[in-house]
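The same chain A turns up in both complexes below, where it pairs with chain B and then with chain C.
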Partner chain A sequence: MIKINSKNVDVFYGKKQALFNINLDIEENQVTALIGPSGCGKSTFLRCLNRMNDVIDICRVKGQIIINDFDINDKSCDVVRLREKIGMVFQKPNPFPKTIYENISYGPTIHGMAQSKNEMDEIVENSLKKAALWEEVKDRLHEPGTGLSGGQQQRLCIARAISVKPEVILMDEPCSALDPIATAQIEELIDELKKDHTIIIVTHSMAQAARVSQNTGFFHLGELIEHGSTDKIFKNPENKRTQDYITGRFG
Partner chain B sequence: MNLVIFIFIVLLGFTSYYFGRKKAYSIQATNTRLTALPQFYGYYLAIWCAIPAFIIYSLWAIFEPSIVKLIILSDYSNQGYLDDELNLIYEKTKSLSRGQFSGEITTYLETSAEKYLNLRSIAQNSKVVLILAIIIASIVYGYKRISSNNRTREPVEKFLNTVLFTASLAAILTTIGIVFSLIFQTIDFFKVIPLFDFIFGTHWYPAKAFVRDASEPLDPSMYSDTFGAVPIFAGTFFIALIAMCVAIPIGLMSGIYLAEYASTKVRQYAKPLIEILAGIPTVVYGFFAALTVGPFLKDIGTAMGLEVSAESALAAGGVMGIMIIPFISSLSDDVITSVPQSLRDGSYAMGATKSETIKKVIFPAALPGIVGSILLGVSRAVGETMIVVMASGLAANLTFNPLESTSTITAQIVVILIGDQAFGDPKTQAAFALGMTLFLVTLSLNIFALRVVKKYREKYE
Partner chain C sequence: MNKNKEKLLNSRYRAEKRFQFYGKSAIFLALLFLTIFIFKIFSTGYTAFQKTWLIVPVTFDAETMYLDENPSKEDLEDADYFDLALQTMFNLDKSASEKQQNDLKRMVSYFFEREIKRELLNDPSLIGKTKDVYLTASDDLDQVFKGNYPRDLPEDQRRVTDYQLKIFDQLVEQGRVESKFNLSFFTYPDSREAELAGIASSFMGSIFSILVCLVIAFPVAVLAAIYLEEFAPKNRFTDFIEVNINNLAAVPSIVFGLLGLGILLAVFQLPRSTPLVGGITLSLMTLPTIIIACRASLKAVPPSIREAALAMGASKMQTTMHHTVPLSMPGTLSGTIIGLAQALGETAPLILIGMVAFVNTIPGSPLDPAASLPVQIYIWAESAERGFVEKVSACIMVLLGFLIIMNLFAQIIRHKFEKKWS
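Now for the complex of A and B:
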């Protein structure tokens, strides 16, 4: 089933066009990997999906991105509701300079999801459990989140993202600042999370894309060159540029 | 003459830099590897040339006058003069030698003046010769030491280290010096006025001390009820409070606007414009408060049936607040801008609005810096003098009515020290006691605030 349907998406930074006519469908409850060399526009596309490009003054987005039969670029779209439905995890772990508990309760508080302290405790515990962090931090929930290790911080950010029960989670190179062990933990977690969430992950590591994703899209110079099932893209790509990139001839 | 010597030393320093480097180049030309870059050899020689000369020069400048004085006054020893009289004779001799003496000229004085001139010229000449000799000797020594295996980088770096250390030492020593100059006068003051009366007295009327006849001995009892500092401390903090009530909300909100909401273009123009406020001399604020705001408030008050003094705490405090706005707005803008963008992104991605992000993420993260900027504002408000002197009157009323006039510590120090004053008089020493107390109060405020900040700071890495 199609979760996100993007049609003719163009993105401009000032006068420079960063994305050209992107048409990409994202399958529900699967992991979609976006790969491509640096500066190819994959992160820009990811940020279109929760309208994070709004934060950048000079950025303009054209075209339609339809989620649940609704165009998120439409004027009537409520960005607060949209971002509640579509969570995001960033390249560098960015926990708030608050306690672990407050980091998780931040989103539910904003969206008024808990009526009582008990409910909030439950949300925090469930989110941390789903992010496979509960066992490590349950005794120090009220210590600062910035005191955790890099891998733990990133899982904290994932827990923060899932605390508001989003339908989609966007991940922008979530493992690029982590060591191999932390990376393996996150990849395992992604596999677990796809039961409840649709996941889109931008990655530089083709091995990672092959390991975690069911679908892959290859971006180059702002264009979506090829997309399809990960198996097909890695074993039998149609486009020569995709093949060159996969086999490491450029990028 | 002194200037000529000074310029001469500087010029020689530059020349020796050139020659030192040249020698290093010539060593390099013989394919020998130097232990440092050629310019280090230049600096090395320049330091050798200038530093010994300057040290001798300054020592000479310090000791010459007292040695000359000793020699001149040795003629008058054993004649039963008092120290003060000897000093007077020496001063007379000096002015006679300059041809500016208008009193009665005795033969004694004339011989002394001649001797003085003689000594000065001998001193001057021997100084020049000595310095020249030292420069030449040290240049020759330094130049000889320049060879391929001689280390020059370390001494040059060490010299720079010493210069920088001396500079910071000068600042610290000045602070200590100021504190000590306050302490001794303050102690003298409290010998006459009991500490208790000063801290808890509610009547400040230093003018009473003016009427003392200086020829009569000091009678502490006449100062009771004269130096009670409560009204002026109350006035100081009251006016500072009014100022901060104006400055904190406006400054903070404009800082937040500039950092988070304003477009690049607005920020580019608005920030320098706000900072212009910081460049206005306080005396201009003073007459703005006294001649524009004060009468304006009085008119409004009269129209509303209130009794408003033309010189009111409200006028002074309000204008002072306007003066402090740029400090708070500019500094808090800087600290808010330096909160990493990744924290904002994280918050927006959770669906937080701009104001929620600012309130819950950015403000706590920037809090230490914001408190710092407010503290700077408070210390400006407590230390501000001119606006209060001009706009809030000089009478130390104990009042918390913003429409009446009141006075502050700094304004009272001005009142006390303006015009003629006798040193060693309680009235003058009162200024030092006030200064000392002000210093202690602001110091403890700062320490307290630093602790608060440390406790509540949210660290981001």
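Now for the complex of A and C:
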């Protein structure tokens, strides 16, 4: 099943074009990895999917991105609703400088998802459990989230993202600031999360893309060179450039 | 080659040593000046916290007060204490000539009649009895007792006559002169008589001005800063506004004084010499300081926090109010306090809007005429009497103490509440 369907997406930073005519379909309840060398536009594309590029004044997005039969670039699209449905995890862990509990409860609070304190406690507990962080923090929910280790902070950010039960989770190099053990934990978590969520992950590590994803898109110089099942991209790429990148000849 | 290298290395080390020496000398010099300054102020000013009293026996003679037998409380209130007061002083030297009697009268503050009255009102049973009463010494004798007044000048160049000195020395010998903590310096308003002058009116004036300034400047500045930093589009017009806010911060304070004079007093007809007008004028000055501090601390909030909130589906407004603004508050508040501290020390604009007037009442609201601490320093520094010299320094001490406390508070807020970013 196709969850996200992007058609002819162009992105401009001022006069400079960053993405050229991207057409990419994202499968539901699967992990799609976006790979490519630095500056190839994979993060830019990811940020199109929850309209985070709106924050950048000079950035313009053209084309259609259709999620649930609805073009999110349409004027009638409400970004607040959209971002409730499409969560995001960033490159560097960025918990709010508040308690662990408040970090998780923030989303459900602003979207009015809990009617009582008990319901909220439940959401917090479930989110932390799904992010495999509950056992480590259940005794210190009211301590600052910034006091956790890097890997724990990133899992806290994932728990925060899933607290509002998004359909899609965007991950922008979620492991680039983490050590191998923390990375392994996150990857395990991603595998677990794909049961309930559609996941799109930008990564620099081809090994990671091969490990966690079912589909892969390869970006180069603002173009989507090739996409398809991860197996095919890594074992039998059609395009020369994809092959060169995967075999480490550039990038 | 090697030798050259060694030479170069040595000269690099020497350059660093020289630089450190310059730096240390600069700090030493700065500390030296500060020490001299503080020493000077303390050594001139500390005597102002002591006040000299003459202990004089008063015979509360009903006849001299023109009181009937068994006077009521009201009678005592209304009684005429003038003759009793005079008689008390004349009793110090019963053989005094008329001119000498005049000298005797001027050994105490002109207020002393009321000091005698208060004594009797406290204890009406004193009528017909004699009691030692503390009377405030005149400012000249006060200075003599503190050793600030040269006694060896020729008499015609002194404000204290030989006769007064003689009587005073007798009193000192009898233990009838006492120095006590000068509470009235803090509780009395300004006065033309140095021994009675206090900072209560200017202190309250300063407090009211600062409060008015805070109430006006803080909300306006914070709203302006939040809008400019978080919401306003970045274009030429907002750039223009930003440049002008920075310009406003550099405008000499006296210009704001003229603005207050020309607009608040002349056009809006607000009451002259009041902390209300002073506070509004100062708020114009404080406004850019707070805007700049608030914008700087909003800028210092990492963009990742805003992105985190936005990605959770918070609206722009929620992101700003729930995350950015609370995180910027420590910086904003400490900037505000520093801006207020600047306003507290401001003199020129207040002189222009008339807060330099002689005010001998303690203001009860921002609508009553008042002076302010720095203006009080200016007023006293202009006065000729020797008694005011120490008052100037004492007032500076109070003002500096106030400023130090405020700045300390700003530091504490910044260090205690500022979040550490991971």
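One rule holds in what follows: the second predicted complex is superposed on the first by the 251 of 251 C-alpha atoms of A that agree within 3 Å, B and C clash if a C-alpha of one lies under 4 Å from a C-alpha of the other, contacts with A are read in each partner's own complex, and residues count from 1 in each chain.
What we mean here is this: a contact is a pair of C-beta atoms (placed from the backbone, for glycine too) under 8 Å apart; a residue touches a chain by one contact, two chains touch by 3 or more.
In this text the structure is predicted, and so the values were computed from the model without any measurement.
S.K.: Mind checking chain B and chain C on superposed chain A, clash or fit?
M.R.: Because the two structures are overlaid on the shared chain, the partners are seen to clash.
S.K.: Output check: A:K3 vs chain B and chain C. Expected answer is one of first, second, both, neither. What do you get?
M.R.: neither
S.K.: With both complexes overlaid on chain A, does A:N50 touch chain B (first), chain C (second), both or neither?
M.R.: both
S.K.: Looking at the overlay, does A:R160 come into contact with chain B only (first), chain C only (second), both, or neither?
M.R.: Touch status of A:R160: both partners.
S.K.: Name the contact category of A:K194: first (chain B only), second (chain C only), both, or neither.
M.R.: In the superposition, A:K194 contacts neither chain B nor chain C.
S.K.: Common interface residues of chain A with chain B and chain C?
M.R.: 50, 52, 55, 57, 80-84, 87-88, 90, 92, 94-97, 106-107, 110-111, 146, 157, 160-161, 164
S.K.: Can you name the residues of chain A that touch chain B in the complex?
M.R.: Where chain A meets chain B, its residues are 50, 52, 55, 57, 79-84, 87-88, 90, 92, 94-98, 106-107, 110-111, 144, 146, 157, 160-161, 164.
S.K.: If you look only at chain A, which of its residues touch chain C in the complex?
M.R.: Contact set of chain A toward chain C: 50, 52, 55, 57, 80-84, 87-88, 90, 92-97, 106-107, 110-111, 146, 153, 157, 160-161, 164.
S.K.: Can you list the residues on chain C that touch chain A in the complex?
M.R.: Contact set of chain C toward chain A: 233-234, 302, 304-315, 318, 322-323, 327, 419-422.
S.K.: Across the complex, what residues on chain B touch chain A?
M.R.: 263-264, 340, 342-353, 356, 360-361, 364-365, 458-461
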